[in-house]
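For reference, chains read A, B, C and D in written order, and residue numbers begin at 1 within each chain.
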Amino acid sequence: MSTLLPATGVIRDRAHHFPLRVYYEDTDLSGVVYHANYLRYCERARSDFMLLLGLDHRAAFEAGQGYFAVAEASIKYLRPAKLDDALVIISQFTELRTVSWCVHQRVMCDGQELAYVDILAAFLDMHGRPTRQPAGWTESYKTILKEAP
Amino acid sequence: MSTLLPATGVIRDRAHHFPLRVYYEDTDLSGVVYHANYLRYCERARSDFMLLLGLDHRAAFEAGQGYFAVAEASIKYLRPAKLDDALVIISQFTELRTVSWCVHQRVMCDGQELAYVDILAAFLDMHGRPTRQPAGWTESYKTILKEAP
Amino acid sequence: MSTLLPATGVIRDRAHHFPLRVYYEDTDLSGVVYHANYLRYCERARSDFMLLLGLDHRAAFEAGQGYFAVAEASIKYLRPAKLDDALVIISQFTELRTVSWCVHQRVMCDGQELAYVDILAAFLDMHGRPTRQPAGWTESYKTILKEAP
Amino acid sequence: MSTLLPATGVIRDRAHHFPLRVYYEDTDLSGVVYHANYLRYCERARSDFMLLLGLDHRAAFEAGQGYFAVAEASIKYLRPAKLDDALVIISQFTELRTVSWCVHQRVMCDGQELAYVDILAAFLDMHGRPTRQPAGWTESYKTILKEAP
């Protein structure tokens, strides 16, 4: 029954929209979400984005093909998120290569942007060396790559 | 649109069923979910359980009425949870007093029990002293209290 | 220079005393340490306890011998820990078998007990099955096993 | 006794050197430290840096003066950190204003740079609005501000 599956979000106009809620674990004593947790949120969104695209990163890891590692991350914090807030992470790929990709992610609440994140991630083999992503993955991304202006 | 709201789970036969997915952030180098994270999962489930019951713990906190603190927790680990697993937390209140309650929570995956957790939580005032829960809350719980055998 | 090494604590009268500080990341909006984080604190203490005993769990994992998994955990919360508190975790093994052990851990601040934790952990092989700990490990534990009363 | 106090690091040539160890909780299934945890590490280092400078952020918060919030963060990952690694975070203030500051932080292991982080943080009042830092704080920073080239 669908209400007993975790939300994976939807893809619209090449962007992935991913809902999540803020819990006690996410806040700190200043009463708002601890700054590092935006990176966790965005990684959840990217994981479910890939799931919807049909890329199985767990199978790739278990088969010894490799895994993604974040190479660069930057975050701009605009407004705080609070307990029980229903957030939406909007993710859009901005660059795509065989080994790596860039994604721009916006953390939204009630139509307002709370923060945005830019991630550069690379696919690594089991020894930690950059390597091509598994066959077929880059094709799948192309369907959702942001068009050049 | 509902697909853009976080899953809050459903209440069936007095028990709350809450879906969540396992992400990279949850795992450790042994390849499975880090043991402390089951407490985070269960707290997410309890939060959404309360939300469905109509108890607004954020409003209570912001109004200076108080907040819940865990007084006792115990966990039994049976099977590991892995990346991308779709888990369901089944929560059932087992005891209810004006200041505190007990809840039994089972972490399920594909119909198998991975772990179970027992929590005793108390409502504290803003100085950290146990106090009665806000008016109406204990009434709300009664609808979902497990019946005496 | 010793001030640039992380504190590993000391062993006294068979118990390991491990210092740590509370940071923003550890607190939640109620202003005190989030309940699940006590399990993280205790795991740090157990890791450094093993380090001092000469057990190298990273080497054992990398050699494919196995790793520890927590099988049971229980926590009693007595008083809250706050930002910047200098805590000491006192850990004492209470039972020792070839596959598993039990440890009792107390979280102290200024001589007061804030919480105590009981952990049962088992050594697992790389397939997740309980197995004997590496040769020599159980001998090392014996030096710090709590004496029978 | 000093061995039972958490390490706070040392200040040398205007830079703060802060030691910490990598634990199971910090790693993910790829076997190395999860990318978001570098922000937690750097925040620990900044907290202890302020402690050594004599700035009491807990007292400022409890007195209702305000607290720091991260406004921008960027991270470059160069090499992975692993279980039990003894890291050193080297932090250096690069800009100082009455409301905000910038700090450059390097995560080191055995003399190698694993990652570097740039943080812009602002002091906020209890309503979340930028405000001047408490009297005396900016004076304290000046002693460790990196000299203009």
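Heads up, the rule we're going with is that contacts are C-beta pairs under 8 Å (C-beta built on N, C-alpha and C of every residue); 3 or more make two chains touch, one makes a residue touch a chain.
Keep in mind that what you see is a predicted model, and the values were worked out from it rather than measured.
Asker: Could you pull out the chain whose C-alpha mean position is farthest off from that of chain C?
Answerer: Chain A.
Asker: Using the stated contact rule, I'd like to know whether A-C or C-D comes out ahead in C-beta pair count.
Answerer: Output for the comparison: C-D.
Asker: Distance between chain C and chain D based on Cα centroids, please, to the nearest Å.
Answerer: For chain C versus chain D, the centre distance works out to 26 Å.
Asker: With chain centres defined as C-alpha means, what is the inter-centre distance between chain A and chain C in Å?
Answerer: So the centre of chain A lies 33 Å away from the centre of chain C.
Asker: Would you please write down the residue numbers of chain A that are in contact with two or more other chains?
Answerer: Chain A, residues with two or more chain partners: 24-25, 29-30, 32, 36, 40, 43, 61, 83.
Asker: Where on chain A is chain D touching in the complex?
Answerer: 29-30, 32, 35-37, 39-40, 43, 61, 67, 69-77, 80, 124, 128
Asker: Where on chain A is chain B touching in the complex?
Answerer: 3-10, 17, 19-21, 23-25, 40, 43-44, 47-48, 51, 56-58, 61, 82-84, 86-88
Asker: What part of chain D is in contact with chain B in the complex they form?
Answerer: Touch list, chain D to chain B: 24-25, 27-32, 34, 36, 83.
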